[in-house]
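Next, two complexes with chain A in common: one pairs it with chain B, the other with chain C.
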Partner chain A sequence: MTPGLAKTVRGTLRSLPGALSLTVLAVIVAAALLAPVLGLPDPAEMAFDLYQSPNADHWLGTDNFGRDIFARVVWGARVALVVAIGAALLSILIGSVLGAVAGYFGGWIDGLLSRVFDIFLLIPTFFLILLIVALFGASLPLTIVAIALTTWPRSARLMRSQVLTLKSRVYVQAALAAGASHWWVIVRHVIPNGIAPIITDGTILMGMAILTEAGLSFLGLGDQNLVSWGGMIFEGQRHLRLAPWMSIAPGVALLLLVASLNLLGDSINFAMNPQLRTRGGAPKARTRVAPPANEPEPTAETPILEVEDLRLVYTAGDRKIAAVDGVSFSLPRGGALGIVGESGCGKSSLGSALLQTMPNNAELTSGTIRYDGKAIVLNGKPVAEKGRSRIDALRWTRMATIFQSAMNALNPVTTVRRQMMDALRLHKPGIGKEEAAARIGEVFDMIGIPRSRMNAYPHQLSGGMRQRAMIALSLILEPELVIADEPTTALDMLIQDQILGEIADLRERLNLSLILVSHDMGAVAESCETVAVMYAGRIVEIAPTRRIFDRPAHPYTRTLIGALPSLTGPLEDLASLPATDTEAAASATGCRFAHACPAATDLCRAQVPPAVDLGDGHVSECHYAEDFAAEAADPQEARA
Partner chain B sequence: MRLLRYFLFRLLQMFPIALFIVVINFALIHMAPGDVSILLAGEGADPQYMEEVRQRYGLDLPLYQQLGAYIGQLLQGDLGLSFRTREPVIGIIAERIPATLLLAGTALVLASVLGVIIGAVMARRPGSAMDTAVTTLSISLFSIPVFWLGLMLILLFAVTLRWLPSSGMVSIAGPREGIGYILDVAMHMILPVLSLSAIWLGQYVRLSRASVSETLAEPYVTTARAIGFPERRVMSRFALRNAMLPIVTVLGLELGLLLSGAVLTETVFSWPGLGRLIYEAILSRDTPVIMGAFLIMSFTVMLAALLTDLLYAALDPRVRL
Partner chain C sequence: MTDPILTLDTLRMVYNADPGILARLTGRADPPVIAADDVTLHLHPGKTLAVVGESGSGKTTAGRIATLQERPTSGRVLFEGKDVTDLTGTALKAFRAKVQMIFQNPYDALNPRLTIGQSLAEPLTLHGLVPKSELRTAVLEMLEAVELRPAAQFADAFPSELSGGQLQRIAIARALIIKPRVVIADEPVSMLDVSIRSGVMNLMRGLQRNTGVTYLYITHDLSVARYMADRIAVMYLGAVLEEGPAEALISGAGHPYTRLLIQAAPDHRASEVKRQRIRLPGDAASQSGLPTGCRFHPRCPLAQDVCRTKVPPRVDLGTGQTAACHFAEEVRQDGLAIPA
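Showing the complex of A and B:
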């Protein structure tokens, strides 16, 4: 059993619906298997005690022929299970083969087969099955075949998409390169890997098959020689008033079996993708606190943003991950700070903490954030005043954000103009139509979006224009502070430069304070006078931009700069960027970078490095910060 | 303009599908045991009519010409004569459509509106005890055989409590016009609509729960929250609006499934619609009616798929030719 499979099985068993449905299924399967040896009365045996209500001899009563209903229900389980398993297996077999063929070979074969799958999805299968059975005569095998023949496109589609993704994987390519034949590759690699979601769907398929057979039997198209639950209800219907138990029992059995199958499929699905259960959601209510007593009034010197010892922890299952682990900095009014690090270093989590838009599984466990001298987060808790969170009073009017527009940051079904209008109206409810339109036009001009594109939907704009639209949206209410989270990622180089230039320019003109989050040192160099480098949840080095490029005092910073060829010319032998293993880093006893640091010593591995103050606002968390700073300075000076 | 072009384009795409369905029908008739003319004319038809059928469908000609003749007949709206009543099948079916539309339409609107609302509310608190309970409940709901649920409702409300009528669309001696008639029909509708929408409700709750929680995790929702929109607006303007897209798609795709539920429900409640017609046709082995009903159902589903496509295109500006 592969670890993934084991995890799925464990997850399924642990969830209440999963365990419950498996139990019910086990009982039904056992009853069906043991039916002949349970010593039940013959389900077909007629007797004189007609219409007996449930009693000690006949637990579920007898029907209009005096047959024992309990025995019939138990025997009916066999028919239901045969239908379920037979139809699902056959359907999955046909579907997987055709789906695998379509996905694997692609081209016209795929085109043709996909078209057939689509057409089948549009055919009302129940009526087709009904027609087949009506034309060919009612029998159980025929019903099973008919169900399989009309439902196989479900598995085919699943298999096709599985194969399409798996096909590109390395090991399949490797097998092909090694000269394995196509069929062998499919059977050997693709099918075993692609089968998991198909099995999940199989439980749903089984439920559908059972209900279909029951529906047919209920319409009088059931196999007359067998005891089926649908058929029992068909007969019971006519005696509903006299003997309701005739219809109640088989219906309950049907419901239990089908619901168990569906619940099981659902539980497996959730066990395979645990995030499905908790993704999204409305922001949860967080405990808010009152503002601290006697906060000093802000002066011109008060930093626009001050962050102290901020910690943000994600909960994933029973694991806790500290994405932001004690971050402090302060941004003067009108200043610009770049926060740089690889993906996963916590820089975006930091951004979401500043904006208070963290997902529900994130918690601020400590830290204070002050905006213009007023605490908006105190000891990790949002500060509320007169029943309203302070952050809410700042949103968009004073503090706005630029997200990465390539990532669907703009509502795809609304025009850009409309989105700006909505934001404007939200915060200035009294604003007139014309005034609003004028303001929107003004911002568009400022950002350099032609007014003719105002009524475009986001998808109609080019990448660069879409990013500009996002910037325009952020500036619509003239905020003081803008937090830009990867505003140029996924754009081509030329456009990146343009947009960064525009951001720097706007900052000057509008006297904005700016926080620019990026994975790219080059991107922040142009617009920010201070750069903070994040690694594994901490700011490991912070310094004025010039300084950090000239005299990086942390090995990690040096590797980051190494990835940037042009700005100051190549520094000496530059290591390539090591991957952040946040978890390993956070659990390290000494320096978090030690596992990847080329200069790591025993001291590094044993002791957390102190924050070394190198003067002029340059701080580095490295045992050897001073040495690095001095060493890096040399070639620069030599060159000068 | 965009929508019109899109509509025409999709309409064109429907032709091969329609042809496919007709061919399936044709192939089934020919593969089925027994004489094709008997299947088309119905068992025990008089020889004269039988001969007429053979002529009309060209049953003595090669197969491909027969297919041509068959399609020709269908294009003229000729689905054959009902073996039982000797009336044109198309007329018999047309007569039954309004009742089915009334029943299925009411249940569909009820189930989808309620389902979307409940699902959206659950999506706000994913993983909560309430959410798990509602998910489990909706799975159980659509695991109930609809005809059985109908019977149980009859047992409770018609037989035991005697509150509501158990079958038909109108009372035998009830009023035939005015408000009294409407009320009478409404009373008869309650139970069938209840059973049908209960089953569908489960589907829609799940569908909308999944779809809304998906959109709530989208970046534009985060943008909306950062802008400061109150959560109610975030839900309606951003999340629901976008979540409607997959909901509408599935709605269109599952219509066939829904119709089968309607047929079974009509059977239980003797509702004078298409489903009841199919049931009667099965009992009297009236194959022309069963085949006609299959064709009509298929075309209805196609039409519905076309309409949902159009609705989708209207909702999503990204859809282009």
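Showing the complex of A and C:
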């Protein structure tokens, strides 16, 4: 069983509706299977005790021929299940094969098959079955075939849309490139990965099939030799006043079976599809605190941003993950700090914590953030003043952000100019229309977007222009601090370089302070005076840029730098690093890098390293920081 | 130099060349997109050719044609001297056993419902290279070769249990398990963390040393190309602008575009002084509306009148380096200093 399947099964079993419906289904299936050996009275045996209400001998009473209704309900389950399983299997088989073929090959094959699906969807199920019964007489297999014939296009359409995305998946391409035939690919790679929603839909299909069969029998068109719930209800309704239990019992059985099938379908879908689960639930009302008494007035020397012992914890199910685990730093006004690290190290979480834009399942458990000397977060709690969070007053107007994906961050149905106008008007209510227009033009010039493109919609701009528009939007309110999270990652090399150039240029002209979050050491090296290296939620080393590249004093930083290919200097073999084991890092009793560190000792595994201050703002969290710094200072030795 | 093992000969690839009657009548025909224009590349056995370019440069198209996943509009693909452009059926399958592919996205490279062992065994089964009883041994050997140990444990794992770096190693193993002569690798490390990229690159280099496999390495990153390749071809808007031995091309580029790429690459070894950036006049042009003359002229800081009107010749700069620029000699001598 693949882990994904195991997870779905576990998820279904754990949810209340899933467990409930599976229990009901198990009881019905067991009863149907065991019907002959349960010692029930013969469901067809007639007796003289007609119309008996439920009693000790006949749990659900007897019918107009004196037959035991409980026995008939149990035997009726067999018919219901055979119809359900038979019709659903047949329908899924035809549907998924034809749907897969249509989606996979596309073109005229798809066009033709899709029309066939439509035609079959038009045939009314009941009409077709009436026709079949009229022509060939009532029989269970024919009913099953008829139901399948009118329901398979459901599965076919589902499979087709699945395959349309699956066929561009890399593993499908890889199998083709490896020399596999189309049929091999469809059977081995496409259908197994596309079948899940069809199985879910199959449970609904089973319910429909049961109802259709019951309806037929109710009309007297079922196989008269079989005990069917529909037939029982049909007979019961003629004796409704005398013996209501005759129709109630099979009716309830029908209801239970169909309801539990539908419920099961829903819970499987829910378990399989994490997107249906809201991330972290509803937004939590975060307790706000008053600002601390007698905060000193900021001076020119006050850092623009000060962070102390910040901790951010995500709750995922019953697990808690500390993405930011005790981070402190301080950014002087006009300074630029680069935060680098691999994915999952907590650098983006840190960025979102600074702006208080974390997702709902994230929480600050400790830490203080001061903006220009004023606390905006105190001991993990947002600071409010006169009923308003301080961060709300700062966000965008004084602290702005540049996101990685401009396409997602810009509103696609509004022009770029309109969005900037809205931002201006919202934050500066008094601003006149002309003044606003002048300001927008100014920002466009500054960032290098021709004014002719001002009225473009985001999708009409190239990737580079969109990213510029994003930057323009963040600068429109003249912020003092910009937090840029991977601002150039999705861009081409030349454009990336240009955008970094624009950011550097703007910093100088507007005296902006900058926090640049990036995985790209090179980009950070060129744009920032200080670099902080994050690993598993902590800043393991922070230093002035040149210093950290020339004399890295943490083994993680050293390997990271050694792993970068370069266009200058001699061509050397690159260092490589084992992948970070986040579990091992989180559960480490000593240094969290010890499990992957080439130089780890027993001390590292046992004791959390102290923050070693190497002077000039260079701090490294390593037991051997001083040795590394000394060693790196001597390039001859460092090479060896 | 030895004979090339794989040659892309004057390839041209045009999408939407024929929009169809309906689209033409309704006036909604998409303009034709020239994804490859007169592309000629040679792969020499046991060597690596890196194709460097931005998105839309046609580098991926070149790779897809080299594996015959797509057929060119015109031009030929030669494998071991034979024209394979139009192969079908069993001949195509035999070609596939010799020319394999590694894709960019390792997280999507393996069927999530198969174990690693099953995925690795698939190419062997497809080509009937190893009897069923020996499949497991072959798989374990290959896992050892890509340094995934303990191999047996990895063979029984599912893709969702592995990290990106491990998945890409598996993808490399799958491409190499049938001992192909050529492997086309399309940005194999660009989706991995910087810290583990080098491990995968070193692995590929080691495997080349051990097996003599030939790589066509597609990347947007010149520094990666320099590390991996013997020769580099720089592509832009479907055409090869410059081609040559890796070190020669990086130290003495003859095309302004190559120069700009080198300058744009962020370098942590750069000196304290921030480099002066040249503000480029234009944004990237698109493949459907190619400029006249030199295709790079709208963004070129050196563009002259001749660049706007005349398609530049392919200038031979000696030592196997060529550049498609009217001023190739000057650019190689003086870099981006504007010629008089």
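Just so we're on the same page, the second predicted complex is superposed on the first by the 383 of 640 C-alpha atoms of A that agree within 3 Å, B and C clash if a C-alpha of one lies under 4 Å from a C-alpha of the other, contacts with A are read in each partner's own complex, and residues count from 1 in each chain.
Simple rule for what comes next: a residue touches a chain if its C-beta (ideal position, glycine included) is under 8 Å from a C-beta of that chain, and two chains touch if they have at least 3 such contacts.
Small disclaimer: the values here were computed from a predicted structure and weren't measured.
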Quiz item: Given the touch rule stated above, what does A:Gly39 touch, chain B (first), chain C (second), both, or neither?
Solution: neither
Quiz item: Which of the two partners, first being chain B and second being chain C, lies in contact with A:Ile119: first, second, both, or neither?
Solution: first
Quiz item: Touch check for A:Leu240: first (chain B), second (chain C), both, or neither?
Solution: first
Exercise. Name the contact category of A:Ser343: first (chain B only), second (chain C only), both, or neither.
Key: second
Quiz item: Of the two partner chains, chain B (first) and chain C (second), which one does A:Gly615 touch, if any: first, second, both, or neither?
Solution: neither
Practice problem: State whether A:Pro17 touches chain B only (first), chain C only (second), both chains, or neither. | Solution: first
Quiz item: Given the touch rule stated above, what does A:Gly430 touch, chain B (first), chain C (second), both, or neither?
Solution: neither
Quiz item: Can A:Ser462 be said to touch chain B (first), chain C (second), both, or neither?
Solution: second
Quiz item: After lining up the shared chain so the two structures overlap, which partner does A:Leu135 touch, if you call chain B first and chain C second: first, second, both or neither?
Solution: first
Practice problem: Take the contacts of chain A with chain B and those with chain C, and give the residues found in both. | Solution: none
Exercise. Note which residues of chain A are touching chain B in the complex, please.
Key: 16-17, 115, 119, 121-128, 130-132, 134-137, 207, 211, 214-215, 218-221, 230, 233, 236-237, 240-241, 244, 247-248, 250-251, 254-255, 258-259, 261-263, 266, 276-283, 352, 355, 357, 359, 392, 395-396, 400-401, 403-404, 407-414, 422-423, 426-427, 457, 459-460, 473
Quiz prompt | In the complex with chain A, residue positions of chain C that touch it | solution = 54-55, 67, 69, 92-93, 96-97, 100-101, 103-105, 108-113, 119, 122-123, 126-127, 158, 160-161, 163-166, 171, 174, 178, 193-199, 201-202, 220-224, 226-227, 247, 250, 260-270, 272, 274-275, 277, 279-280, 283-284, 299
Exercise. Sort out for me which residues of chain A touch chain C in the complex.
Key: 2-5, 169-171, 173-180, 184, 188-189, 192-193, 342-343, 448, 462, 464-465, 492-498, 500-501, 504, 519-523, 525-526, 546, 549, 559-569, 571, 573-580
Quiz item: Which bits of chain B are touching chain A when the two form their complex?
Solution: 16-17, 20-21, 24-25, 28-29, 32-33, 39, 123-127, 132, 135-136, 139-140, 142-145, 147-148, 151-152, 154-155, 159, 210, 212-229, 231, 234-235, 237-238, 241-242, 253, 255-257, 259-260, 263-264, 267-268, 278-279, 282-283, 285, 287, 290-291, 293-294, 297-298, 301-302, 305, 315-318
